[in-house]
Amino acid sequence: MRNRPETILTYFLVLILGFLGFLTLSSTSLASPEDSSSERLLAITGVHIVPVTGNEIKSGTILIKGNRIEAVGEKVSLPEGTTIINGQGLTAYPGLIDSYSSLGLVEISGVAATVDNRETGRINPQVKAIEALRYDSMHIPIARANGIVAAVVAPTGGLISGQATLVKLNGWTNREMVIKESLALVVELPGIRGGRRSFMGMGGQAAVSTEKALAELKELFHRARMYEKRKDYASQNLLISPPDLDETSLFLLPVVKGELPVIFSVHADKDILQTIKFVQEEKIKAIFYGVEQGYKVAGEIKKAGIPCIIGSLYDLPPLWEEGYDSLFLNPVILNQAGVKIAFSSSSSSAAKDLPYHAAKAAAFGLDRKEALKAVTIYPAEIFGVDKDMGSLEKGKLANIVLAAGDILELGTTIEKVFIEGQETDLSNRYTELLEKFKKREKK
Amino acid sequence: MNVRKINLIKINFLILTLLVFLGSAVPLLQAGGNLLIKNAHLLTVTKGELKGDVLIQNGLIKQIGENLTAPAGTRVIEANGRYLIPGIIDTHTHIALSGTNEGTEAITPEVNMADVINPDDTSIFTALTGGVTMVHTMHGSANPIGGVNVVLKLKWGKPSEELIVKEAYPTLKFALGENVKQSNRILLPGRPQRYPATRMGANAIIRRELLRAKEYLAEWERYEKLSRAKNPPANLLPPRKDLRLEVLADLLRGKLLARCHAYVATEMIEFLNLAKEFNFKIGAFEHAWEAYKITDELLAAGVGISVFIDSWAYKMEAAEGIAYNAAYCTKRGLLVSINSDSGERIRRLFNEAGKAVKYGLTPDEALKLITINAAKQLGVDKYVGSIEVGKQADLALFTEHPMSAYTRCDMTIIEGEVYFDRDEIIKEREAAAAKKGGN
Amino acid sequence: MRAVSKKLKFKLGRLALALALTAIFVASLTPRAQAEVKPAYALLNCRIVAAPGQTIEKGKIIVRDGLIEAVGPAEKIPVPPDAEVIEASGLTAYPGLISAHTNLFLDVKEQDQPQNPEDYFSSFLQPSEPQEYPDLLVLKGLKPKLTTVQAYHRAGITTVVVAPNRGIFQGQSVVLNLNGENLNPMVIKQPWALHLNFTTERGVYPSSLMGTVAFIRQKFYDTQHYAQHWKKYLASPAGLKRPEYDPFLEALVPFVVDKKPVVFQCNNQEDIKRALKIIKEFQLNGILTGANEAWRVIEVIKQARLPLLVSLDFRAPATSLFAQQGEAARKKAESELYPANAAALQKENISFALTSFGLTDSSFLKNVQLAIKSGLSPETALRALTVEPARILGLEKQLGTIEKGKIANLILTRGPLFEDKTKVVKVLVDGILFNYEEKGQ
């Protein structure tokens, strides 16, 4: 047998093709978001469907094609090759969206080395949360395992804390998680008790008042506009020297141009009114966060059309005299006044509790359907991603949670979480440690 | 009969009538309140569920059943199908106290929380709005040996001495781990770090103090012997009474239970060994995040735990805490209670217990974590912790099942007196608003 | 002999004159009020409230050598020929008021909270021993100021207890008559009582209130043991180990063993209970001061039957309910509930003294008026500032009323005492006259 080059080459090619074919056929890891087969078909059948927008379906089918929802209905015809998942006894919800968290920035709050959400200094528009976000945070799988598919991750501290990001809770790197890299600028205004900020619990310098803070912002915005004007002028006229680099102005430009919204962390009723005025004068896009006394000025907030992210309800009312339940009644009153609200976990280690804040408000009068909307479609609308998320509708991304009951209920177990058509791994720190030590049990 | 005798009889009759009249006008000496709660969905915790009424007299549960009636004048509460549960018991808090830690020294068992009760603490009312009726309020975790704790009923508005639950086990607070090592504190210039700086130092200092307590006991025994002798020595003086060692001596005598704040497995294992070494009893481990790792050892020692459900990842020692801890340990047979250790979390303690359902318990088992289990740990399960005839009428009324996220506490009752009534608060608000509007 | 004696007499005479002039010169150097010769005074035709409920419409008071020589209706009292006459018609004489708890003349201010980060750190470089002063005699550190004396006179106060103000075991107080600027002549009783306060140390044990309670009890037990040991040792030292001298415990022995008075400062209702518990445990001769929340534990106070020095400071303590429910609630409590404290005690027939503790001279008067508006009768108010404090201080034989033989401490007012427009125009302390009459009166 002569070793003809053609024969060897043929054998080699066959081997390589066979190997590649083998690779193609073997399934990719569940956690990989880059699906090789974008035309994969998946159907969840016999499942109770809560689309959030539109009527509930007692028993129906959701057809997923690739990473989007192809069809939702009582009767859906399934193309050939559709993988079927039996959804009997389960309820399908859109994946939940956390409107404010520190997921991926804070691991163990008491250990400074693991806390990455607060930069030093007061004015930090250039700081971007996405650039510090850790995919491998132990809190992300825990939140995902409770049905949360996307979260706003926000920096904190100072007056201008930095740029918050909107991420999906799936991806091998922080960049793979990005939905909107730069979602909004975070501005933090004083709390309700304003007043003296204490050093180690004693009297210190007074905190800046909201009035002063807004005046400072006004000045910074003005500077940014002038900066741009100068840059433009210089670019058209060689004789005009361009301005020196002004980092603050550079990063405030998208805000003053109305492109990048600002999330104002604002709390007292007077401060809310002042901030509304500021937003209207400066012609910027705004979202409010916290708004604990928002209920007192609900009408004004509604008129201004500013949506409100509710802060954690795991807190005490800021002022005793406003009633023990004022914190819980706040979102109820805002919602009933027509303000668009969204709930947040305002946490990383308790991010999985997002649905329970919504339920707590429902316990105090919020319509349960509205409560669910406030963790699904309303945040999607507020953050401009409602074309892709927030409800179970044809064309939207297949972010679907299969729950063994009401997703806002404490006792409900989550059976499956799909993010963009991919079934995600629900194992997390809790389950891993439990399994490990279950092995210790003597039979 | 002569006139005088008749007059005497008349006068006596008058006096008698007067006394009877006065007697009926004076109310019966009440130990507690009287209530009739109608049409409630009762979760008794120990005797199943039923729909019916509860009759309360003198602060005790007199009758449970259907279509009950009460003596005239008894306040009737229409539950309208709402859920009635035993008042929630929080086995680890620091509310209603003026001060939490005597952190300047490592060993301070002489301090007593009963000396610093603050009945004005608004946290008491906050807790009532969450259906909590009783708390085990404690020294903080700054010291290996902290102080003597106290169990209180949250009788908002009553004088401090009326809050104390005398029937509860007396307990002494121990703590191990990061707080005791002060590992998260800034070292101040010019001041030496307080001992201990390590977990082994903590155990060493506890051991040393218990050895001193043994010595103290022996000293007193010697004195007693000598003073009772036929010819006691002329220069016999009693030993110096040391309040610190007195308390430790009581621990050794079994008069106090140790309640030990411990997170990681090694801390608990070693504290169990200390307890064996000195023959003292442990009431429970507080927080015990790694209890799931050592259920065998805890079962063998018969020591339960009082834990959070999932408020973790705030310190390194809580980094291997899992939300399955409470449920798993319960399933393994440990006596588990959920606590709040917070003046904010206390008002949603029922939600925290509700989470245990996701992690493996039934709603009934979850409810036990904040009622009868807690009562057992505090030694008051004869009196509270379930809805049973003869027990004290500590109850809470919820709009939905207490383990549901949608539930709300509407009323909290202690010994038959209503201490929190949402309806009344709403009425007061409406009246105040009307007054304002009218002006 | 005659010639010599004449010369001598002349020389002696000149010497005597020189000496007399020197004496007068020297005497004139000392402030007028400290004149060694206390004149006799006759106050004529004034209204006299000699004791609460005992009024003489038109009376005379004769003062001599610092004491009351006579008091009674004008027609019954002869005026001694050497008495300086003071026409006092239109004025009312009251016994000088006694404030049984003040921090007058104390040199050192109560320890403030450090305001700056630097101070905070340096406060930790202090010695690691608690700053306790059971053996402190407050008298030793006093710096009287005439202006302060005069201000207090204008508030009607002629006698004060000066108490120490730092630490838990604060030290021992002194009773002073505000008769000038020289300290020693002011002293009536030295020391009076041991003062304790329910406060804490900072940075050293005890730094918590519960620690303070344990600390106080341990010290008292140690004192008992110490006294017992020393007693035995002094009676028969042979074969007995000598007890170690301890200045702290030594200072406490008179109060724990000999039952000299111990004053507990109670800053809220729970402090009252804490104090009573300790007093009972050690069978102390206890007195409560402050007691601004007595109205909340009236039954307990009634049962205890202890002397009370009630403060007129109506601020709600920070731990109190009324300070935790918003500004409006706090203000309401401070203007309605706390001022009614004394009235509540009066209603239950509990005897008490009022003090100016925590207040300035002007806010003291204002607050007495507010207490009266809130239900305290003016007669009880007078009693609480005269007879009752005199009794509590053990000075009822010398002070508290205008009576023959008692110390001449009087105030003369234009108008009834405690009324808004009333002014104190003359004050006598130890028979020394102070004039506060303003021109045009």
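All chains are identified by letter, namely A, B and C, in their written order; residue positions are counted from 1 within each chain.
Basically, a residue touches a chain if its C-beta (ideal position, glycine included) is under 8 Å from a C-beta of that chain, and two chains touch if they have at least 3 such contacts.
Every value quoted in this text rests on a predicted model; they were computed, and no experiment measured them.
Asker: For which chain is the distance between its Cα centroid and the global protein Cα centroid smallest?
Answerer: B
Asker: Among the chains, which one keeps its Cα centre farthest from the Cα centre of subunit A?
Answerer: Relative to subunit A, the chain with the farthest C-alpha centre is C.
Asker: Hey, how far is the Cα centre of subunit A from the one of subunit C, in Å?
Answerer: Going by mean C-alpha positions, subunit A sits 67 Å from subunit C.
Asker: Quick check: how many Å separate the C-alpha centres of subunit B and subunit C?
Answerer: Chain centroid spacing, subunit B to subunit C, equals 45 Å.
Asker: Mind checking the centre-to-centre distance between subunit A and subunit B? Centres are C-alpha means, answer in whole Å.
Answerer: 40
Asker: Note the residues in subunit B that touch 2 or more other chains, in rising order.
Answerer: 122
Asker: Could you say which residues in subunit A touch two or more other chains, in rising order?
Answerer: Within subunit A, residues 320 contact more than one other chain.
Asker: Residues of subunit C that touch two or more other chains: which are they?
Answerer: 324-325
Asker: Across the complex, what residues on subunit A touch subunit B?
Answerer: 107-111, 138-139, 314-316, 320, 323-325, 348-350, 352, 355-356, 359-360, 362-364, 368, 408-413, 429-431, 433-434, 437-438, 440-442
Asker: Taking the complex as given, what residues does subunit C use to touch subunit A?
Answerer: On the subunit C side, the touching residues are 113-115, 117, 120, 324-326, 328-329.
Asker: Can you list the subunit B residues touching subunit C in their complex?
Answerer: Contact set of subunit B toward subunit C: 98-105, 108, 110-113, 115-122, 139, 147, 159-161, 188-191, 234-235, 237-238, 240-244.
Asker: Which part of subunit C faces subunit B closely enough to touch in the complex?
Answerer: Touch list, subunit C to subunit B: 121, 124-125, 200-201, 203-211, 213-214, 217-218, 221-222, 225, 228-229, 232, 236, 239-241, 270, 273-274, 277, 297, 300, 319-321, 324-325.
Asker: Could you list, by residue number, the parts of subunit A that touch subunit C in their complex?
Answerer: Going through subunit A, the ones touching subunit C are 199-200, 202-203, 319-321.
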